[in-house]
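First up is the structure itself, then whatever we jot down about it.
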């Protein structure tokens, strides 16, 4: 059994759980009034080279939905990729927390929206059309839900178009560290310097345990969000146990080491299966995910081998690398794919 | 510094964090599809002597708001005590998750609603009055927000009145264990056997760390709630780390031992200050909280001593005992109160 | 049968229906893009001596809930009288349209909130208390739901306290004309000059037929509200038929004449029953409503006479005068009350 | 100036306004407790050959959004055509009133969804996938937003697929009468007998003035909806003026005569322009709308002629026939199109 189902099937990095356990000392004011959470604000402000506000939350769904609700009125339209996690996989949390805000898919490639498509979409909506909801925000999933990564200049181009029309920019950074490790830029460059107003900062998929965070770059958004989070049941009374996890996650570059490991595993697989007959990657492998198109025979055979992964369809499989996947496991996948691609196709039923 | 501010300022029981750390092994399906969560269902069904569904959530606010939303339409009225946590302290989360449902205070004593007052309230609303919203549910906070405990027959009497009118019953069990330790009855007796349909099962205030739970006794509520929780951002992808906490919480009677300890500390203080001149408990001390009415001089003096507690007003202080408060700490409070009550009153300004 | 049940049981003023019928000519752009609606903006801006935006809506509930949603975030607290229509009679529409905003009763007399009570309520909420929702707005019902009227300086005092804390002021003017007729001031004096930001402008209860309106004094609120109204299903495609009603309502002082008539009828009854033994008005009669406390025998006898009115309780009756109630009808009520108050009390059962 | 912009730019049928004026007599209980509204229930139950509940509402947006909210939980998915009015033109009212429910486009032709596409869409969602929201309802727009009409057997086929999966069926009948006039079947056949649970019954576009209605065929939906409507600000206190309009609308076959007139006008135009070079109807003309594809030169020329219509794009125009459009007006459009289609194309700029 080799598990490529998701990066959230994996363990937590031991450093993170150690920090959680070490926070279990003395009494501390509840609901984020503790010292761990105060230090978290400071640490992340250093990390992002700006005075940010950090709000730990339980899940990426909460981070996305509540950050979108913070930047869109309830009659707002939020532009995103068709394949964006907020559009496909969060049970319409954005619509719920946003009081009815609507997600509107925008074209692009590899799970990304294109600046040009956004420009055209907005141009086709003259101001004053009240029957549609009002353009309010743009969501960028970084890395994308097909495993690709927006370049910094691509983010900046999209943000510039958005801002020219008064729209805010939210980044779904469920795999922020994977993208950062890929681009080798600074957290600031990939976020607020490129025009991002608010960030879903993912940790869980990259070795975290029980929390992600919202990072607010536009300070006027923070106070309302703080109440909204309380009302959303996302403010732990023993917040120190969450803040300690997030501190450990970024301490000594842990987050980037973890992301480099899972990115490297994905790259190793991609290299290993390059050119195999009948097999195609539908998006460039720039983070820790591979989307492999193959015959259903090949994918069926893999499943019989005990390789666990998601079938997006009969002929499309998603393979996600965890930070702690071993070379033996990646090699086993490559070997199996080579074997099955070389096999003669079965007769169609 | 002695900390009586809240039971959520305290540490987690080490057994719970140990269990969390032990869950960090192997891969496990996300979003509750793991073995820890499966065992949790089984364990709590044994504990409650009925086939319950258990949904771990991040906070008590989430547990309350989402369990109420599960049993009330968005135009429903939910009856509760004026001092109920859902009414005073959750930033109207119930109204939010419930799509506009409204909380309606019902009279009673010591933070509890009275069966008779509920009966009269309902009798005053003839069926068919559409301009009010529709009676939908009753909330019982056990232990109450003034530190009192509903007897089992009181719960049953309220539930019977509710059900005669078609209302559901939700229990806010943020201090469920404290009430159970007090009543020395079984979990089933204090919940579904007395008519409770759905329970906010608190752990955080009683030595937990990062999760509480919703326990569903009425099986028809569970499937809708499961989607609602996903959409609410309350379903961790690495759920095993939450389920492991809850398992450890109830294992070997830990939860009851913790609650007995904090209850005993409160009782020790209550006994120690009984009869002090100018000092009055506004509710019986039946769990781990004391609400002490005294002159503002006495409360001011306590604060100068370094005793931390919440001033509900100049002359009303709330003192909450954590599971790990020491006899030395409780004795110190008693001693200080004795000293200050004996002091001659300052001249009024 | 004499009908004192409500002012909404009455007819429409014929002038209003005439105008509606006269608007049935030619084609006109939908959703408020017509000439009638354009003229309405101009006419009401003259009437209120300021550049207002007027949005016709179907009902007073819509006007109240949507105007409150325009001035409060979804986590806001809206202060109002315990007996305010928004609190007692709109099925929690404010909570629904406001995404969970919460109504908080403030003390006062005769259905009005008191400036002093508001000041104390706000003073008791230190900034930064996130567990309560955030003070956002004040609602004033003019005339009040007990038939009293706020003086202009009372409105201004309340608004000043609200604004010192950053709160907005909404007026529920379901009986705006009745209050205006009573105070004999200008519409501007009783609204924006006294600090009102947004007004539910009632017409239905005072001889209207099928529409009320929201009048926006704070221009920054109008554009968002326009979309919200569309989404709320409150923007008629054939808006001209609504705008024509509202134009006729204020043309040539019609609205004030209608209100004077119903106010005068109420005053006539109040004068007629003054000093009757065992009968008490629980609030001053300053508009078109009387709240009469009497023995249940007296109220029962009135009902047997065929007088229709609402029993708020066994011993409290509400009597509302329509604009077209006749002197014969008011005299009949007075005569009946005199007769029943003079009768010997029945033996108690 | 000839106006083809919309059927809501037109006048109301005089019979409807006459009835409204005639209802202005005597007093009547508010909020639908009047005799006009009681008769409306009876009359529509006869018309639909079943005991229906009829709720007058202000707009079609309200009718659609509230009927969808009545049949879907807030985490529901509602399937509809990409071009459905609820999806394109109601500012996401469905998402708002439905507490976050999500609209999901389904393939089909001419603004209709196809039974087969619905079957495939549902088959692709295995039960128990909580991250998507849950399939809850199907919306059919009759006539479609491209002017086509579902046959009765097509409705029945779609409804059968929906019901096999436990989904409800809502019909957006903004042009219900136009479709009925086309199919020459009974109201029952085109609605509940074919599987429709709840109907947005349009009147405004077909000669109505200020109201449409929701018609409930599934009786268990009615009581909750009644409260929801009150809370939505859609229950007029002087309901008689709305009910009287709807009575007049269906009396003596008025609604069908009006629809036949506008359908006939559209058919007359379609026949007149058939075969014109460079001109194409993108959907069959089965109701009162024509969607005409032509060169931008032709459409520009029409606009210069003073013909008013909506440009869906440079080369697509929507022409809607009102019930009172004259033969002279339809002939003028045909003549103009003939002339412009015959003209030599301008040189491209």
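Order as written gives the chain letters A, B, C and D; numbering starts at 1 within each chain.
We take it that contacts are C-beta pairs under 8 Å (C-beta built on N, C-alpha and C of every residue); 3 or more make two chains touch, one makes a residue touch a chain.
All values reported here derive from a predicted model rather than from experimental measurement.
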Taking shared numbers over all numbers used, above half giving same and below half different, the chain B and chain D interface sides are same
Two candidates, C-D and B-C; the one with more touching C-beta pairs is C-D
Taking each chain's mean CA coordinate, chain C and chain D are separated, in whole Å, by 35
So, in whole Å, the Cα centroid of chain B is separated from that of chain D by 50
Distance in whole angstrom between the CA centres of chain B and chain C is 41
Residue ranges of chain B touching at least 2 other chains are 31, 74-75, 90-93, 96, 99-100, 130-131, 133, 227, 230-231, 235
As the complex stands, chain B meets chain D at residues 31, 73-75, 99-100, 130-131, 133-134, 224, 226-228, 230-231, 235
Listed in rising order, the residues of chain B that touch chain C in the complex are 74-75, 88-93, 95-96, 99-102, 130-133
The answer for chain B against chain A in the complex is residues 3, 5-6, 8-12, 14, 17, 20-21, 24-31, 57-63, 65-66, 90-93, 96-97, 204-205, 208-211, 227, 230-238, 241-242, 322
